[in-house]
Amino acid sequence: MTETTPGWLAEDELELVRARMPILYVEAVPVRVADSGEVTSVGLLLRIGPDGNVSRTLVSGRVLHHERVRDALLRHLEKDLGPVALPRVPASLQPFTVAEYFPTQGVTPYHDPRQHAVSLAYIVPVAGDCQPRQDALDLVWFSPEDAVSAAMQNEMPGGHGALLKQALAHAGLGL
Amino acid sequence: MTETTPGWLAEDELELVRARMPILYVEAVPVRVADSGEVTSVGLLLRIGPDGNVSRTLVSGRVLHHERVRDALLRHLEKDLGPVALPRVPASLQPFTVAEYFPTQGVTPYHDPRQHAVSLAYIVPVAGDCQPRQDALDLVWFSPEDAVSAAMQNEMPGGHGALLKQALAHAGLGL
Amino acid sequence: MTETTPGWLAEDELELVRARMPILYVEAVPVRVADSGEVTSVGLLLRIGPDGNVSRTLVSGRVLHHERVRDALLRHLEKDLGPVALPRVPASLQPFTVAEYFPTQGVTPYHDPRQHAVSLAYIVPVAGDCQPRQDALDLVWFSPEDAVSAAMQNEMPGGHGALLKQALAHAGLGL
Amino acid sequence: MTETTPGWLAEDELELVRARMPILYVEAVPVRVADSGEVTSVGLLLRIGPDGNVSRTLVSGRVLHHERVRDALLRHLEKDLGPVALPRVPASLQPFTVAEYFPTQGVTPYHDPRQHAVSLAYIVPVAGDCQPRQDALDLVWFSPEDAVSAAMQNEMPGGHGALLKQALAHAGLGL
């Protein structure tokens, strides 16, 4: 499920808007890269849901009114990975894909029961130390192979597993 | 100025939402292409504003709640170019750029006094006959060189001239 | 194995060059699309190797001296799919990936025992009738799901199965 | 003119190959970026030709036999910018464009009298100190606006000025 940060809209206003129009999100796949740019590992956030279920998620969140996409990306990276993660926000806003989360299952590979969210997705190399904050318990680094394993995909609901695969395909990994 | 189609939200609701969050748009640059895919001409819609000013615009409009980006793109292409334009909506949703229209000038190259709009921009080859509908007077085809001329750029306010240049740069034209 | 068309270099010259430098290729994933651009099926060429082995391949071939990439793409599409396939060569030369085939296994996901080939890969919607020519026996259309099945991947050696997955990931299919 | 590094092929072999097939290049536009990824300046190499003419160039060079594109990119960045430039080679090999340099003028926006070169072009953020080596006199940083000025474009022959404009368009700068 796509992560959200309430607070900038009153909760009832947010509910109203969510029922009326698509909500713009950004999503980042944190990666470690070699000097040659090759992806060597993928960072997944570990979360425990209210029901006690473990899930793995990517960095994700809304774009606010009057906020640039690249500033939203940086804000959510800092929020989820801490202040010294040193994320390298891309120079170009061209995303590797646009993920469309529908409240109805099956329209696209992505699903969010709360809302229709449209997410601009980026691969973001991270050079520093990551200290997950907010509601994430931990950030764990996986090899690209492990990150797309069936076990891990099962822990990434709502289509985030598919999105991760798309990111690694875009990075040229034939998995 | 980015074109909008009211009607799916009550006007006062739309005003409320516009003041609170970014609105998701799609934008298409209609082009004629050769068999080898090379762009041979660019289609610009001619509009007359309420003040009598002539402007040239691209195909543009909102993404509705529970509507896929590619369906929104097709709907706006049919709305602006007519039913027999035969647009070739791209197989991939990766846009050539993401244009961010701010109500404040100077934050990005794009400006929309009414709202903060975030627009996924695509080049769309069009094979059929175009019959502009709605509030456009005409669709005129220009050579890529003419489309980026200073005269034409002056008729494309709000950063649409810059967006057109970006589209042609993406298509490999060194203009 | 990447398909080649000898003839424009004497065979011994080609061998010399292949031992000295990377050879530039283009590669196309032929697809059928809906009006909204969504990929509905994928076309794979069926070939029988000199050893009697069945393999499935994409459209592929060298870029010649003084030939534009888009002309090479169109030429190989016509060569492999016949004269009335009506391929829609993309308006932009930005490939969805660059596939690097090495004569040594394991350097990248791609392998070609004959040479170091660097291939610009594109998704190409095909609207007409396909009549495979040259050394292909048939062109068979598969659903995206079937095209990435384990059985099919086994029939696509040299990393072409991985390339096909990358193409479908780029097209937004979460497979 | 595209920069080349002789030495890995005997000069006469290189001449032979250049007359027979396209030569694969990589090209990098070195940029400084803000924390949010926004391009703040562009680095151009200053060269003096054998005829005393001043020219500005991008980082550029051939891909060698059995060399990965990303390793070639890193090698040429180190060669042209020195060992402590800290270039951030992109995680994805998808170039922002493919520039085709023809020995004949006018086929594409790019021209190289020596050869048919096909160049994969990338924007590369550079974080460290640049110390141009080889045949470059200096590396000078320009604002994006100055880098695309008419004066600078005149000093970038062979279509490199057009390529630079394409890079900045891809980075979302409406120039």
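When the chains are written out, they are named A, B, C and D in that same order, and each has its own residue count from 1.
The working rule: contacts are C-beta pairs under 8 Å (C-beta built on N, C-alpha and C of every residue); 3 or more make two chains touch, one makes a residue touch a chain.
Source: prediction; values computed, not measured.
Shared contact partners of chain A and chain C are B, D.
In a homomeric contact, the two copies may use the same or different surfaces; for chain A and chain D, over half of the interface residue numbers are shared, pointing to the same surface.
The mean-CA centres of chain A and chain D are about 33 angstrom from one another, to the nearest whole unit. In terms of their C-alpha centroids, the spacing between chain C and chain D amounts to 28 Å.
The set of chain A residues touching two or more other chains comprises 68, 92-94, 96-98, 108, 170, 172. By the touch rule above, chain D contacts chain B in their complex via residues 97-98, 108-110, 159, 161-163, 165-166, 169-170, 172-175.
Residues 9, 13, 16-17, 19-24, 62-69, 92-98, 100, 102-104, 107-108, 116, 118, 120 of chain A are the ones touching chain B in the complex. Residues 31, 33, 35-39, 68, 70-71, 73-74, 88-94, 96, 123, 125, 170-172 of chain D are the ones touching chain A in the complex.
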